[in-house]
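Labels A, B, C, D, E and F are assigned to the chains in the order they are written; within every chain, residues are numbered from 1.
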Amino acid sequence: MKIKVINPNTTVSMTQKIGAAARAVASPGTDILAVNPQSGPVSIESHFDEAVSVVGVLDEIRRGERENMDGYVIACFGDPGLMAARELTKKPVIGIAEAAMHVASLLATRFSVVTTMNRTIVIAEHLARNYGMEAFCNKVRAADIPVLDLEDPASGAFGRIVDECRRARDEDRAGAIVLGCGGMADLTDAISHEIGLPVIDGVSAAVKLVEAIVSLRLGTSKHGDLDYPIAKPFVGRFAYLSPESGEAAA
Amino acid sequence: MKIKVINPNTTVSMTQKIGAAARAVASPGTDILAVNPQSGPVSIESHFDEAVSVVGVLDEIRRGERENMDGYVIACFGDPGLMAARELTKKPVIGIAEAAMHVASLLATRFSVVTTMNRTIVIAEHLARNYGMEAFCNKVRAADIPVLDLEDPASGAFGRIVDECRRARDEDRAGAIVLGCGGMADLTDAISHEIGLPVIDGVSAAVKLVEAIVSLRLGTSKHGDLDYPIAKPFVGRFAYLSPESGEAAA
Amino acid sequence: MKIKVINPNTTVSMTQKIGAAARAVASPGTDILAVNPQSGPVSIESHFDEAVSVVGVLDEIRRGERENMDGYVIACFGDPGLMAARELTKKPVIGIAEAAMHVASLLATRFSVVTTMNRTIVIAEHLARNYGMEAFCNKVRAADIPVLDLEDPASGAFGRIVDECRRARDEDRAGAIVLGCGGMADLTDAISHEIGLPVIDGVSAAVKLVEAIVSLRLGTSKHGDLDYPIAKPFVGRFAYLSPESGEAAA
Amino acid sequence: MKIKVINPNTTVSMTQKIGAAARAVASPGTDILAVNPQSGPVSIESHFDEAVSVVGVLDEIRRGERENMDGYVIACFGDPGLMAARELTKKPVIGIAEAAMHVASLLATRFSVVTTMNRTIVIAEHLARNYGMEAFCNKVRAADIPVLDLEDPASGAFGRIVDECRRARDEDRAGAIVLGCGGMADLTDAISHEIGLPVIDGVSAAVKLVEAIVSLRLGTSKHGDLDYPIAKPFVGRFAYLSPESGEAAA
Amino acid sequence: MKIKVINPNTTVSMTQKIGAAARAVASPGTDILAVNPQSGPVSIESHFDEAVSVVGVLDEIRRGERENMDGYVIACFGDPGLMAARELTKKPVIGIAEAAMHVASLLATRFSVVTTMNRTIVIAEHLARNYGMEAFCNKVRAADIPVLDLEDPASGAFGRIVDECRRARDEDRAGAIVLGCGGMADLTDAISHEIGLPVIDGVSAAVKLVEAIVSLRLGTSKHGDLDYPIAKPFVGRFAYLSPESGEAAA
Amino acid sequence: MKIKVINPNTTVSMTQKIGAAARAVASPGTDILAVNPQSGPVSIESHFDEAVSVVGVLDEIRRGERENMDGYVIACFGDPGLMAARELTKKPVIGIAEAAMHVASLLATRFSVVTTMNRTIVIAEHLARNYGMEAFCNKVRAADIPVLDLEDPASGAFGRIVDECRRARDEDRAGAIVLGCGGMADLTDAISHEIGLPVIDGVSAAVKLVEAIVSLRLGTSKHGDLDYPIAKPFVGRFAYLSPESGEAAA
């Protein structure tokens, strides 16, 4: 089984960390291809960063279809481009926010999300609503650190994240913690050790969900709104993205 | 990995069918132990049937803890005893309604449930609400057939289920079908072939979710309301169920 | 009119207290039969305790039908077995959480629940959602005391409950308090005296609702999912619970 | 116990019918005073009719306080003036829509409302949402008859109402019917006989809820937004309604 | 274009302030007629005050129809009589709470309401729910000042309102402030200057929405429940309000 | 006042139609600049089309900031890139779905959306939920016509749209119709004439809302998650989009 894990930002060190987290949980026989777009923001910390990252994500899905991938993970906690990506393939496509929230709801009656920047709290709140997780998600907390501080051990980011996780446990009545950034994928064990709750990283959770769905011989529904895009011209610099009628038949 | 799949009713042929469906998707190295309680209803078609089945489910979870199981599936679409079962173990416990609905929401923006008896529609509706799946679950449909007709090829049950699935596709705008009974676990492929949509059986979906959670080294939160039951006496014929303080330590 | 008030736990002193609270508000001509199962947990403080208590509750409903009861109260704040109990009778069956929340919503625009153990908060929150009371129930608070401390005047339980009720009034903007445990049925007046808000005990509220429904010559709907259970075999130690086709006709 | 049942419209024959329905279920010792305002619409079939009726309702509550009433029923299915009425008294005030919906939710998992004019459907839908009854109320149906046709046996109104109730049972999966107009209070038995479901009339339901609340020695919360109106001048023709500081003390 | 801005209370100085706020934003060619009823409460701080004010509001709408008004604003944050008023005209009728909340949701993902009296918090909360603004409205805060203190510079009201607005910004994560009283219409700039957030006054917002709707040649739907009231007698002192069949034709 | 109306697709004839609709309602003194991106899909009929269109929308917003625009309209019913666009400016940015739904909720208690392709129904449903309009939006209907058929009078598109609008009026109890595509902007009057309900086109509604907000001297909140994007490098072909720290100061 081949799973493409797409880091929507362009920071290679983060892609490598995400890839390592994915491989650490992948089943024997699962190949993880961790990639990031060549173009786009170095980190995703706003609606704008997220919106621009989407084209790169979709490029990677389209390339993945030619590479005979069996499934895809979108490894940014805003799940950028998720619905569009699903239209491009009948393989499963899972976002890491989606994966982490669903798994958390199977382990605890209430969870909190701990993310990086304050301004992304609302993005996670919107996703929780869209995924039906509002009643499970007690609170979205932010440690108010830039995403790329996670790449710098000297930044003190880990300590601040642990502090928020502890508040989630003690003040929010959270039974589990969802880590709100793909760049935290290597922190799961250390945080869990500190606070004694299940800590869910979306990257690893999404890999396991893709494997599960592929094993079930299921995939994205091609009936209705997630069907392949209708064949039509795209013009200008996005002409290469024009959906072809052959795509659905492939 | 050892997963116990508990059919909450006492019909052995259904347990065997459920076990076969579980084994068909289990990863290499996963042992499936399919069981049913010795006592309880032969089928579950009402709140009452479901309520009585719970003690048998909990007995099997407790026995499973002594058998060193790695996870549990509750294989009745009402997910009887799910919260109580989770208190008894730090291993994952997944209900088949829960599993099927979550997986369906990853594959389509809207799904319909197709179940057996009309009177169980409300049970599935309540679960969809409790799991946050209301916005994804367009409709719960019933073919109005007794559960045990599923065990009798001459009953015509299959045709009636396919008819409802077709209505779900054509009238409800469903992009995927969730099968609303553990006893339908062997029908997934045949129905999918008839109607051309992803068809999700909860038994197989739940097995894969348990495997996924175990691989992630996660389990039921023991912080808060899913912690082990408080040590106390149970009296009379349920005395054997008295939670012991040692249980949590085990 | 004969109303059976079922304490789902097996602690006789609590049954007596509940019976007294019921009798204190019963109309002339209403006989209160307060009972508890012979088997099950001595107190209910978890999903597991609650799940095991259900069989005893259902036994008492079935016995009540032979005793020509006119209605039933399930006197534990988790309302264990409520839907199943309703299937067994066309008489009204009211849970004390349900009764207290409905009455509170008629007296104030916002109320808080004050219960015993922290871990049961989520049970009350789930009930509030299921009963449509989410917008009325500001908060569920717990005094974090074991249920049986309510039976021991030396435990300091009363003071801690009053403290939480006061916080509900002052911090939650609650206009009324719902007592979140059947074992608090004797505290209504004392708490109301301390904090000056309407304080609603579910036992007494449920008795009055049963009386009201019986006087209206109404009862549990036998059309649809609350109809009598379908006749079928139950096996093993629960064989005695097998629904008979005669039950509906009775 | 003295309960004032206020018909918010000015049609005396309807007031008499409502009074009869109230007396038919009142407990021994309960006196029913059925009244209607001297001024206002002869029937209530729109937001405007309802809005104008409110002053008359409030006049009757104020008069009731001087008459030492123990509780109040507002006997129009739009529950006009309910929140304002509650501010004027520490006695319970119950609307008939509120009463009927709450009682229905205790008897069936799903109910339908059957009302008179199509244009009042939205009023009942808004109330269902405001009372937390959305998940219980499958549908609001109207027979599209003027309210005062209920006073005229030759109008054919009864047959059309029964037709809608039958559709509610057969098409909406309703387990109970809520009658959506105070003027239908005399039809409960006849409709129930026709369709075989519990049929709930709000007038009688509200009387029993008031009796229940009074028996529980509870009443409208005077803590917070339902406290007595603040003393201040009202001018012009409404000067007589000026709240006085003495009112709260009374 | 002629817009009638109706202050539902009878305090002329407040009407003047509201009129000034309306004129300050009105387009060239828009005439603002600011009025208040001759009868009713001097301020609106409770459900009761609000309920009594409604007749005066409706009187002004009816008079406005004869004055050939092009649209109406109801300038009290409880939006008293809004639905009834809409029935009386095919011109737009906008409440100031409605206007302010809708506009706020276009400028920020989360807003807080800051109002006067604590007891009116629940009124604003109910409106937020009714207008679909629950997910946008983080919190309703009150400065706990009487409405008429806003007319008295010496009251300290301004400082207390600013304090609450600051808490909304710093504690509620509000991106915008909605002023919760028509009497605050002159404070927008000063508060915005203090706290640096968009501050939305409903009076001015509503005027612009009426202008917008009129320019779009749209108005209140006369199809369905907002159609003109049905012709019928009103009796007594409200006889003058009797809807006539000619009204719809007018 | 200068308002930029951005048609997110690249079909110039549709841009011209949208521009004409905008100008037809613009106030004297408002200049409408109707544009479309040079690159992207010729029509937007799927999540994928929409996702790719976003970069072009954001390019136009950025260019608009240099052009000293006073506000923006995103003229595709999926409101692509709305949150990201808001981060780029402190001027108002309004989507046409958002505008139409908000305005419709001010004119009727229930509305239906009528759109083009079936597969875009879910996009409108998601927007209705995100904007808080679920309780107002009875149903989203599609005429199942390609968007570009709207440009071809011979396609029969108009008749099919009118048919759906009529069903909305007669079957959904809709009091108003929201047109679900920017390409329908010229059909408002004709449809309204056919069916007799208010028909709301989002393009013209959005223009008036932008004008209203500008007149109120309000704009997008720069406090919190809609603040200017954080300065950081974007790489590759999107390097030109890198947010600069000077942007916020501009």
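Here is the rule we use: a contact is a pair of C-beta atoms (placed from the backbone, for glycine too) under 8 Å apart; a residue touches a chain by one contact, two chains touch by 3 or more.
This is a predicted model, so every value here is computed, not measured.
S.K.: Hey, what chains does chain B share as contacts with chain E?
M.R.: Of all the chains present, those in contact with both chain B and chain E are A, C, D, F.
S.K.: Using C-alpha centres only, name the chain that sits farthest from chain B.
M.R.: The most remote chain is E.
S.K.: How many angstrom lie between the CA centroids of chain A and chain E, rounded to a whole number?
M.R.: 44
S.K.: Averaging over Cα atoms per chain, report the distance between chain A and chain F in Å.
M.R.: 28
S.K.: Pull out every residue in chain E that's touching 2 or more other chains.
M.R.: 83, 109-110, 118, 121-122, 129, 135, 173, 224-226
S.K.: Linking chains that touch, what shape results: line, ring, star, complete or other?
M.R.: Graph shape, chains as nodes and touching pairs as edges: none of the named types, so other.
S.K.: Using the contact rule from the top, write out all pairs of chains that touch.
M.R.: Applying the touch criterion to every chain pair yields A-B, A-C, A-E, A-F, B-C, B-D, B-F, C-D, C-E, D-E, D-F, E-F.
S.K.: Any idea which chain A residues touch chain F in the complex?
M.R.: For chain A paired with chain F, touching residues are 10, 37-43, 45-52, 54-56, 58, 81, 83-84, 86-88, 117-123, 126, 129-130, 146, 224-227, 229-230, 232-239, 241, 243.
S.K.: Spell out the residues on chain A that touch chain C in their complex, using ranges where they run on.
M.R.: Residues in contact with chain C: 109-110, 135, 173.
S.K.: Could you list, by residue number, the parts of chain D that touch chain F in their complex?
M.R.: 118, 121-122, 129
S.K.: Of all residues in chain E, which touch chain F in the complex?
M.R.: Touching chain F from chain E are residues 25, 27-28, 83, 92, 94, 98, 102-103, 105-110, 131-136, 169, 173-176, 196-198, 200, 204-205, 208-209, 211-213, 215-216, 218-221, 223-226.
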